[in-house]
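Before I ask anything, let me first share the structure, which is written out below as structure tokens.
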Amino acid sequence: MTHPTRIIDLLAALFLLVAFAMLSQRRLANLITLYAWQGTVLALSIAILAYETGNTHLYASAILNGLLKILAIPALLRRLARRLDVQWDRESLVQIPTVMLIGLGLVIFAFNAALPIAGLAHTVNHETVGIALASVLLSLLMMILRTAALSQVIGFLALENSLIFAATSVTGGMPMVIEFGVALDVIVGVFILGVFFFHIREQFDSLDLDRIEGRED
Amino acid sequence: MHTPIGLPWELLLSAVVLWSVVALASLLIPHVPRMAPAIFPLGALGALLTAGAGVLALRGPPISTVSPLGLPGLPFHGRLDALSGLFLLLFGVTACAISLDLAGYRAREHYPVASRIGLQYHILLASLALVFVAADAYSFLIAWEVMALSSYFLVVTDHHTPVVRSAGFLYLLIAHVGALAILAAFAILAAHAPAGAPLALTFSALRATDPDPAVAGLVFILALIGFGAKAGLVPLHVWLPEAHPVAPSPISALLSSVLLKVGIYGLLRVAFTLLPAPAPWWGLITLAAGLGTALSGALLSAVQSDMKRLLAYSSIENIGLIVAGIGLALLFSAYGLKAFAALSLIAALYHCLNHAFFKGLLFLGTGSVLHATGERNLGRLGGLIHRMPQTAFLMLIGTLAIAGVPPLNGFVSEWLTLQAFLKATALPRPYLAMGIPLGAALTALVAGLAGYVIVKFYGIVFLGRPREAKLAQAVESGPFERAGLGLLAALCVVTGLWPAGVIALIRPAAQALTGGEAPVTAGDHGARIAVAHAGYAPPLLWLALGIIALVGVLVLRLRSSGPARRAPPWNCGHPVAGARLQDTAEGFGQPIRHIFAPFLDIKCRRPGLDDPEPRYEAAVNDRFWEGLYRPLARGFEAVFAGARVLRPRRIAISLLYVLAMLVALLALTP
Amino acid sequence: MTIDLVIRQTLQIALVVGAAPLLAGWIRQCRAWLANRVGAGLLQPYRELFKLLRKEPVVACGASWVFIATPYIAFATMAVAGAIVPMMTSRLPLAGAADVVALAGLFALARIFAALAAMDLGTPFGSMGARRTMLVGFLAEPALLMVLFTPALISGSTSLAIIVRQLARHGFILYPSMAFAAAAFVMVALAENARLPVDNPETHLELTMIHEALNLEYSGPHLALIEWAAAMKLFVYIGIGVALFLPWGIAQGRGLATLPVACALFAMKLAVGGAGLALIETLLAKLRLFRVPEFLGIAFLLAVLGLLVRYLVGH
Amino acid sequence: MTLLWIVLIPLIGAAILGAVGHRNSGFSVNIAVSAATLLAAGAMTVRVLRGGSFSALDHELFIDPLNVILVDLTALVALSTSVFSRTYMRTEARLGHLNAARLRLYHAMYQLFIFTMLLALTTNNIGILWIAMEGATLSTALLISLYRTPASLEAAWKYFILCGVGIALALLGTILVYFAGHAALGAHRALLWTRLHGVKDELDPAVMTVAFVFLIVGYGTKAGLVPFHNWLPDAHAEGPTPLSATLSGLLLNVALYAIVRFKALAPDDAASHWPGRLMMGFGLASVLVGAFSLGGQRDLKRLFSYSSVEHMGLATFAFGLGGPLANFAALLHMTGHSLTKSSAFFASGQVAQTAGTKDMDRITGVMDRAPASGWALMASSLAIIGTPPFGVFASEFLILTAALRKAPWTVPLLVLALGVAFATIFRRTQAMVFGTADAARTRTPPALIVSFAHLALVLVLGLAIPHVLAIWYAKAARLAGP
């Protein structure tokens, strides 16, 4: 077992940790910071993977992800948060410890579910598939529990992060076209959401999902 | 169509084409009013062609044909055999009379309505003709549903009144549920076709499938439900008394005379030609359903006070008798008694013809009354025999026919049915041999009730004194109406006077279905029919009656000079006050309500001691509404509410669904 | 049709038409005797009929042709019914034209016309009578058919002639099933002919009358025809009873030789039957109208029992 | 080259409309572009039916009898919808529901939407398929919120989040498929469907089953399968009518198409029944829930959107059954449903616009007020609830027949659902179409021509399926896998 792989495993662990942190974090600013951290971890792991396997397009992918998820999107989100001045997410229905327990359960489940795939994977870091799957489920859980539109979006982005992480850990990265396509979709999506938020706020003068949804058919 | 297809097909198809053209032409009526008078006579012509095709099909061998249209691997198949022929004949003749009536009836309507009726009516006729000759499940269902739809549009002709709309909805809904049952029946049969045939849905292929008894039973039950819903079998009859009254009377006539028979046709087609030899229990439940339907129909019609509702319930009663005959036939053929099966089937088919004729006659007659008086409520009619004598006379023929008294046609089928019931002692199972003849008693009871009902109907509408002042303005119906009535009345008389001839027509159909030769012999040059030496010769009876009555008349006339002196009625010396003193429909139904109270759901309002304006009301509702349909509707409403709850308001919940589903499926992955 | 048959037929019709009033008179006379009255004599009905026939025909205003036609129809129907039932001989040409079911049908025809005629004037009593008649009618019809089915099953045919031949061959002993049928038949006959305990032919008491209410508006010759028809109906019914339950001695052969004997026998049976009817009527009291369904229900049950017994015993 | 044109034309059209979409000429341009697309599609169809399937751009684009059906359908419905929206959106603008900028947005996004769908249909690369689907989500999200009403924003938000998540999961599925193919095909070709299909027996079953779970949950969300259908009624009801028509008529089909393609990749061994079973399960659930949800609806467009859930469920179920007959029926059902449902939305949009409300309790007497709208609505509803002689009946008939052979126990449920759908929809339609009108008679709107044209096509499907079509669909059915 070489150093880089061990580092990747460590980073994977960090990735999961960040996911948990995001699950528990309610202050929007910190949430965004955590998202940036997740991006960093992601980019780093891709870079190390690139160094390990030595295929060049992974470097590009690492840079792309880095730019997007460490700088661009967090900046955009901060700007949004400031412009819409939302700092706090309301208290979620389920309190944090329970959430943590549920999350733990999901992690265990994900590890088991991922075993067959991990067994087959020929990449250096195939053990991390389970972690990737776990963080997918965790971010989904986070989206479920959040009541502020913005933090739900962050959950969505985290989900997308974990997908990329899964991609790299399972297959050592998708072809470049796809990477770019995905990145494009993400950035466009975030822009559109940004536009949305303003419309939503001028209609509902709130970004609280309880206010937005739940009308009768 | 592939040539050559034979004369009957050519007649039939030309009729269908004619009707389609007429249907499209009637769209133009509002723009070209001049053609309005031609529309319905042309329809009548098409009906005659159909009748001709029917007669030829009855005489000749079955002719099949395949059209290029249809599904891939399943083009439309058509087959003209004896059964189709018989029903085409029934349909053609009745439709001809109804078209004649419409020709007069529609002259009064304003053009948009006339054009809509012209369109839908002729589409209906065409689809009916095709139902009788369709020879594969798909084309049968297509024709079937087109028939249901066009008749629905005719029922809701006056769609501005809510009652009409709800009646129409109920009608189409039950028709569609029935169609689904029929579809399921066909599909189940097809699913048991030998492998390699993905679409074994032609009737010949379905006949070739050999389902095990359980499957065959299931198919039969589905068919009974599906076609029973069309024919108005209890408890699927509730649409009938709602839909038939609200439709324009000629349409009611068509619905009662022909569309109900389509259900009978389908039942026969499936039970006798598509399925293997029946099991005894098929016959038993059919018989039970038939008798139950007949009895409840008779009871409920006896307590109606709307003349069209009364007739609608009486249609249910007659359908019940027909189905009872079919059940008997199934029972006999289940035990291999082919000849007796043929006999019961002849009885049932004969009654189909009779009911088509006299019920069509009565409904057309109510149409004339409705037009002359604008009144459907029996309580506001009366004495019309003086205002519209010819209609009254023709209606009297229908009345006697439906009452099942000799020497008219209603009696013949009753006679045959009873003869068939007597044969039940030949059944090998003791409980059957003992029990079935009691069915004859029920049949007799129903016949008696029918007499009661129809006396009430005729006596209150046409006899007595007018119950409303406006009835004095009533006028005799127009020539076209009377022509339609006359045609049907004549048919009632002919089929009553010459049973041997009619049976000769029906026999091939019955024989084709049961494979047995019915033990009905014709004697005295066709004047007399006999079952087991028990004969019935209406012409002789007519003769004897006529001679004796004539003698009586002559004797009295010779003695008395000039016409009888007129004097006020005696009435036991009580002065005969206002016309309101006459018996009402409710009053006439009172004994029935009293005797059969347990079977009826009666809402009665009696005047109190100090009522400002004392009046008596008695309404009788169908028990099946409260007993079956309302609970069903409530159940569905509950399920709907449940489905609404299932749909989450919040995104989070649906995301939770996603997560849960994901976890569940991943856990389930093999 | 040979001349012999024609003679038989005309004889039979003549007998029914001619002797019906006599039977009615006989029954009245018996009732009178049972009630310790002298009675008006056997020929009283004839006197009444001729008196009525001599009167000027009067018809109520607003009566339609149905009202006027009904008496003739009733008369003719009953005459034809009488022509069908084998009384002295089982060999009648018209017997082939109608069986027991057709017979019931003929009665129904007459009943319906009577009811319609009663409703024609729109008098309260008329329609009341019509209603009650039809009520009794549709309750009696199934019972009657059940009664007739028992012998029909025995002989395997619904033709009266054949039934009678079959039963007559059997000799004096009554079939066990026929005993039930007989009881039921008597009850039906009482109801159908508007006799006590169902209806009282003697009175015009508004609230209880059934049959009489139908005739309220008739007078003179029309009333005569109706009364005559009623008498014939009774005659025919008793004739049916005799044919079904005391068939022995009926003429079977071709020639007319056997007829006088059969005729005498039949007259005797009629006398007995009439006396029996009178006795029943004297013993029973009038039922309330809504007891009638129960009465006929019992008749129906007895008839059904007859059927079942017939099936169990086998003959 | 036609293959390239089919995706380029709408893209170019989107660009042009981005510039001129707000002008009055925008409508005509829109129609012209759609017409051009249809022409290209037609040309391509001829070529496929003559010479069989072919590909372009180094196998990135690919066409075969299966997806050409949907391409044609998309192009056709896109054209008729653009024709319809000419009148409809003009009126909307006149009524002040839209300003010029929104109109431009509408036109541009409309063509972009069409582009993404055509790309998704014609691409051979499952990665690009995913990107195109995501693109469709983005473009439609903007269309749904076109009116900027609270309801429409909520709908758009729901749509965005739900479909976003779904799509994301689909991406994971795609990654897994890529991973499975990686072993057999190497990095470069492992995304090409044709190649994957070639080696489908070498793909690892364990991975493929897991992958299919993600894919069906992901694309199933997009196809509006229960229980992921929450977005669908809102999106249909709150978006502009032309969008509702295209969403129901086309987008759902495309999503289902994606699922079918992946089902076809499953190897034909024991584990391969898994996708079929999943599809049958989701399909059945959708049919039942969709049908029973129809009961309590008051909003006209919601009613028809729930019926879309039901019908997509039926098609999914049929594909799940598999086999030539069921697949044939499913394709026929997709075709019939797109045509009928879009026509139903045209009619109901027209009715709602004239009546000024979507609340069915307040709409009555349409037949008196505007006979054309009345007949269109009546006929479309009758067709959509599967009354003969319309094509939907034919496909439902075939589906039931096939189901009776493979999974008889499902038939009672299906029949129940069909009956309920009939009762609920027809009750509403009758109440709206008949009765006395509360307003004066209006002139018949020209836009409904397309509605009747669709109905005519569906009628043909029900009465006499042309021989060519039959053969073509049979081929496609074989491609849709066992």
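We just call them A, B, C and D in the order they show up, numbering each chain from 1.
Just so it is clear, a residue touches a chain if its C-beta (ideal position, glycine included) is under 8 Å from a C-beta of that chain, and two chains touch if they have at least 3 such contacts.
Everything quoted here is computed from the prediction, not taken from an experiment.
No other pair of chains has as many C-beta pairs in contact as B-C.
Legend note: the chain whose CA centroid lies nearest the centroid of all displayed protein CA atoms is B. Ranking every chain by how far its Cα centroid lies from the centroid of subunit C, the top place goes to A. Once the centre of each chain is set as its mean CA position, subunit A and subunit D turn out to be 31 Å apart.
For the pair subunit C and subunit D, the distance between mean C-alpha positions equals 79 Å. Separating the CA-averaged centres of subunit A and subunit B is a span of 70 Å.
Centres computed as Cα averages put subunit B at a distance of 44 Å from subunit D.
Of all residues in subunit A, those touching 2 or more other chains are 113, 140, 143, 152, 213, 215, 217, listed in ascending order.
Among the residues of subunit B, those touching two or more other chains are numbered 644, 647, 651, 655, 658, 662, 666, 669. By the definition of touch given earlier, these chain pairs are in contact: A-B, A-D, B-C, B-D.
Residues of subunit D touching subunit B in their complex: 157-158, 161-162, 165-166, 169, 209-210, 213-214, 217, 221, 227-231, 233, 271, 274, 278, 289, 292-296, 324-325, 367, 382, 387-389, 393-394, 397-398, 400-401, 404-405, 408, 411, 415, 418-420, 422-424, 426-427, 430-431, 434-436, 462-465, 467, 470, 473-474. Subunit D contributes residues 125, 127-128, 130-131, 134-135, 138, 141-142, 145, 148-151, 153-154, 156-158, 160-161, 164-165, 168-169, 171-172, 175-176, 178-179, 182-183, 187-188, 191, 204, 206-207, 210, 233, 296-299, 302 to its touches with subunit A in the complex. Against subunit B, the residues of subunit C that register as touching in their complex are 13, 53-54, 56-62, 64, 66, 68, 71-73, 75-77, 79-80, 83, 94, 96-102, 104-106, 108-109, 111-112, 115-116, 119-128, 130-132, 134-135, 137-142, 145-146, 149, 152-153, 156-159, 162, 204, 206, 216-217, 219, 221, 225, 290, 293, 300, 304, 307-308, 311. If you check the complex, the residues on subunit B that touch subunit C are 382-383, 385-386, 392, 396, 400, 403-406, 411, 414-415, 418-419, 422, 425, 430, 433-434, 437-438, 440-442, 444-445, 447-449, 451-452, 454-456, 458-460, 463-465, 523, 528, 530-537, 540-541, 544-546, 548-549, 552-553, 556, 559-560, 564-572, 574, 576, 579, 581-583, 587-588, 590-591, 594-595. Contacts from subunit A toward subunit B in the complex involve residues 106, 109, 113, 137, 140-141, 143-147, 152, 209, 213-215, 217.
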